[in-house]
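Chain naming follows the written order as A, B, C, D, E and F, and within any one chain the residues start at number 1.
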Amino acid sequence: MLRQDGRENGQLRPVKITRNYIKHAEGSVLIEVGDTKVICTASVEERVPPFKKDSGEGWVTAEYAMLPRATGVRNARDISKLKLNGRSQEIQRLIGRSLRTVVDLKLLGERTITIDCDVIQADGGTRTASITGSYVALVDACRMLKNNRLISKMPVKGFVAATSVGVVNGKEMLDLCYTEDSNAEVDMNVIMSDKGEFIEIQATGEKSSFSKKQLDGLLNLAQSGIDKLIQLQKEVLK
Amino acid sequence: MLRQDGRENGQLRPVKITRNYIKHAEGSVLIEVGDTKVICTASVEERVPPFKKDSGEGWVTAEYAMLPRATGVRNARDISKLKLNGRSQEIQRLIGRSLRTVVDLKLLGERTITIDCDVIQADGGTRTASITGSYVALVDACRMLKNNRLISKMPVKGFVAATSVGVVNGKEMLDLCYTEDSNAEVDMNVIMSDKGEFIEIQATGEKSSFSKKQLDGLLNLAQSGIDKLIQLQKEVLK
Amino acid sequence: MLRQDGRENGQLRPVKITRNYIKHAEGSVLIEVGDTKVICTASVEERVPPFKKDSGEGWVTAEYAMLPRATGVRNARDISKLKLNGRSQEIQRLIGRSLRTVVDLKLLGERTITIDCDVIQADGGTRTASITGSYVALVDACRMLKNNRLISKMPVKGFVAATSVGVVNGKEMLDLCYTEDSNAEVDMNVIMSDKGEFIEIQATGEKSSFSKKQLDGLLNLAQSGIDKLIQLQKEVLK
Amino acid sequence: MLRQDGRENGQLRPVKITRNYIKHAEGSVLIEVGDTKVICTASVEERVPPFKKDSGEGWVTAEYAMLPRATGVRNARDISKLKLNGRSQEIQRLIGRSLRTVVDLKLLGERTITIDCDVIQADGGTRTASITGSYVALVDACRMLKNNRLISKMPVKGFVAATSVGVVNGKEMLDLCYTEDSNAEVDMNVIMSDKGEFIEIQATGEKSSFSKKQLDGLLNLAQSGIDKLIQLQKEVLK
Amino acid sequence: MLRQDGRENGQLRPVKITRNYIKHAEGSVLIEVGDTKVICTASVEERVPPFKKDSGEGWVTAEYAMLPRATGVRNARDISKLKLNGRSQEIQRLIGRSLRTVVDLKLLGERTITIDCDVIQADGGTRTASITGSYVALVDACRMLKNNRLISKMPVKGFVAATSVGVVNGKEMLDLCYTEDSNAEVDMNVIMSDKGEFIEIQATGEKSSFSKKQLDGLLNLAQSGIDKLIQLQKEVLK
Amino acid sequence: MLRQDGRENGQLRPVKITRNYIKHAEGSVLIEVGDTKVICTASVEERVPPFKKDSGEGWVTAEYAMLPRATGVRNARDISKLKLNGRSQEIQRLIGRSLRTVVDLKLLGERTITIDCDVIQADGGTRTASITGSYVALVDACRMLKNNRLISKMPVKGFVAATSVGVVNGKEMLDLCYTEDSNAEVDMNVIMSDKGEFIEIQATGEKSSFSKKQLDGLLNLAQSGIDKLIQLQKEVLK
């Protein structure tokens, strides 16, 4: 009783992280999780937003978007509607928040790292792939800062990665692809650190409510997946 | 060792729900949770968004905003910046999603109920107060539809209420006010049904990660608070 | 031959002004004129717009909006159309202009008081109620500045209040409610000072032109109403 | 004791109305009032706004704008700020409202006449010049409709013209130019019909309040000026 | 075999340039090319865009727009769609670029000249008329700067003028009017200096591709027309 | 005397076209021209813009954008400025116009093909690479339509490809990279068909004017490059 792409319920899709994907960016990654492909760049700018002015601290922020044809049906660009997509806004706030939990903003100094996650092909799990990939781009940008002696110590304090889990046709599954995600009864995005602790949990009963027991089962699944993703980040960054 | 307003850690603030607050709306409520005050209106319109056209189903959606001086410092209106605030967008998506889990869209018929949550005074927990209050406005709007024989059966299938919990100075607390919320190490919004199941969980390690044990403790606290809120909704709607 | 709500032609609706309605604002009022209800807040900010920079003078400005369901039919929010409603823009310019005529901007010093008028329930006369209520919020904000020794003298020089008058079914009436207003042949908003002089008159022949004699009759009616409103402001501010 | 341009207090500036100024428009006028120059076009479109659909009635609406260098200092275009100027919005609402009082929308049939008033050079009184000029363009557009047998009867029922009056240095003056207008204690725009009745009065105490006696004096001055403007409209349209 | 308005294929329409058309602007021109009429103003501002800050150099930029009824059918204003028309944006970039090629930005000093081209009546060739007319307004603004001793040497180094050419019904023609332009197989805008060299060429095969021979023929025609336009500029500026 | 990357003046950079790059799109290509990389997708939609309604004809349009970090310095997204970049607008109009010259809109039937060109890495020549790559995506989308029997005949009538040429340090060069382009005295984009004819020429004297002789030299260079690009398109599409 395997999943549509032959995976077991507790199995991740194949994950590939390609560093230095865009030659101009301080850090850049192409992350592929199955058919989901996201370009993550980390750009360093020597200025901070108004609320960090003269604080001695830096800032990390993120933007997220999809190419119009990353999806099965073409989506109009935000600019043609003059409105930033609500879903994109929600996701980019999540990415920024998650990455900031592992960055010492004092060590970063008064500069901003902007993470751009641009989905070039979507097949479910784009926000969690964005977080897992962005982390690597962020580390590369910080290493560049350190190599250029702009900072003296790495400001990144630990690892952070993310995956989705859900209940599909009554079964708990790890790393949902698009068709699984759109049929899920419960849908959950989990972001964890390398200490096995949670950074953010977003659990939604899409069609109905869910029990504490289901929650616990899904969190276990998520943890097993995230352990593997952090393992991959470590290898890639060696 | 009580909290700043004299409450115990597991205690809700005083909650008051005033029905029929705005004379024009099909359903309307003023909900007060401590010093947080939100006007929730439910407006019925005899049309559906394009993706529900000819589906035989209706739709429930929500909008959320704060008056400029609901907060300690005045916030510019969205229209003066030509951008819907990212936080508002995230919250209104959450309110709509939560309420839809208890509505049978077929029974509603091809009409839209728009929930407007306008915070007139903010002191923490505005999104959870909005959900708890909107539920009552939604029921009133549906009762009006039924009384006017526009629908034959109530489309609302159960109760839904929400509260916030968090870890503040190392202590797990229920229903955070603004100063608690801004000092919280972990911050969590929990939405539950009257069956004691979860509809949505949003848990964020604002300053650090959090353990499974902390998560479990906070979910317990949330459940005790939500039980009381649903009890209040039942009394108010009698 | 009384009006639909039993009033005589020259009679105001019941008016109630509740001070200190929003705990965060320097001045705040809920004004109720019949079923019209407006929250007026006065927010002090220690900066001035560019054209007042280094002038030694302050500024008073206003914004006006309606909650989506303040009216019989739900109105989409300005932000969803990306356009500030033309009527709102006209009204907020009027409120700001009227209040500035009684403020000594030099005594105010280089700071801005922003008046926010948010209509939570509309039944005609929202702009005039906004002016009458905002005046009280403005005075409270200035008193707060004086009590905190940020200014040495009250910058408000007199009283200002407003009401509507009109010709409905050939009869001159004071303080039109919504249904009267929408049937009026002539519609007029009058803003006056406590010296019995005019600050602004906006008279519109909605369906036809009007004579000098009608104008004079309406201005008399308006004056009698505004005298009573200023009397109420004086009592409330004691 | 003449005014800066040698006029007496009760004297209009030279007024010139050139018909058929733009070859494409159904009606078009260049109106020059002293150095104020406005192009007014009337465009007929065979559709009505949603609120007039299937009503058997037409609609008349107006738009108003200034070229960036119509004024002493260049003004950025609205589109570069993504906001329709508040003053423009107020003025175009006024122009539309005034013209509609003399149009029988039933006789017009289900079509829209859009009046565009574009100020190419401004020297005070642009809104009143726009109204006086637009009236002529509107009549020309209606005559074209009648000549082409699209309507059987002229829908324009009377004449409408407008001028400004004000109190400058304590003196009541007719038809203020820019420097007079910016120094006025009281500023008033008056729109009247050929029956000597008022269509709209907007009176503002720019620096202080004004008395009933001043109002009456200014209205008299306005009427004398408008009589002459309507006389000119009649000659021009012969 | 003459053209619709009786011209020969190699003949320009009558061209008229009226200087000092708008009293407020430092330079201003009404250019009429047949029925195409454009108001070109040059406004001097004592500031530069960020990328020229502290460079010791000035900047020349342009904006282009059409009045709504400059054309046969009324066009909605950009502001009502909240989008700057793509065609306008393309044209204003072209005008700015062309004029900058003949301006020594160092001699101009740290100030900006903004060229506004507002088409009041359109009949083909509005962008080339805008360039030819703007050049004269630009020179006038620079002369004003020199006369007021704000600059010591004229920063304009040569002449620039523009015209359109095209292939219509297989024939090469100079200075297309609107109906010729909309039927053209090949459409070309050519901008040249008084040295007989090219500043910009934009050649488009509207319906099909075109040969090198056709290109050469059209460029010859353009040069003969531009020679005459520069001759006119010289006379007008004497 | 070779160029900075070792090329001869008349030599193209290495060009690679990867078909079927995005699994969801009807046609999709990654085109790499040196370090310039553009994803071109062709999306088929079964509707046409209003001006093609009931015409029996289809439409081909294009959109162009750059990822924020496609360039050396990060560019803010259009949506954060609420304005479509002027340069992007100009380019996407060019792409659409060029492709339409080789499409028989009647054979396409009443459907729209939208070309999205998203530059993921920029190093000069992004607009010409977009055209060369989009052509292949367009053909693939049409083949898909034909294979699915939605159309009976291929609507694409010939080949179209594009390159840039310019004068850099006095030398005529083919296919400029970014640093060459930013130092060019003359800059030209040329779009040609497989019949050796021109579809569009955009020639700009960036720093000075240019002679007919230079123009002829550059057009020759462009033709030699485009011949090779069309050769590659033919191979890739076999």
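One rule holds in what follows: a residue touches a chain if its C-beta (ideal position, glycine included) is under 8 Å from a C-beta of that chain, and two chains touch if they have at least 3 such contacts.
Remember, it's a predicted structure, so these values are computed and weren't measured experimentally.
Here the chain-to-chain distance from subunit D to subunit E, counted in touching steps, is 1.
Interface equivalence for D-E, evaluated over C-D, A-F or A-B, points to A-F, where over half of the contact pairs coincide by residue number. At the interface between subunit A and subunit F, over half of the residue numbers involved are used by both copies, so each side presents largely the same positions.
Rounded to whole angstrom, the centroid-to-centroid distance between subunit B and subunit D, based on C-alpha atoms, equals 50 Å. With centres set at the average Cα position, the gap from subunit B to subunit C is 33 Å.
In subunit A, 82-84 are the positions where the chain touches two or more neighbouring chains simultaneously. Contact ring, oriented from subunit A toward subunit B: the chain order is A, B, C, D, E, F.
Contacts from subunit F toward subunit A in the complex involve residues 22-25, 28, 35, 39, 41, 43, 45, 63, 65, 67-72, 74, 77-80, 82-84, 114, 116, 118, 120-122.
The touching residues of subunit B, when paired with subunit A in their complex, are 82-84, 86-87, 89-90, 92-93, 97, 101, 192-193, 195, 197-205, 207-212, 215, 219.
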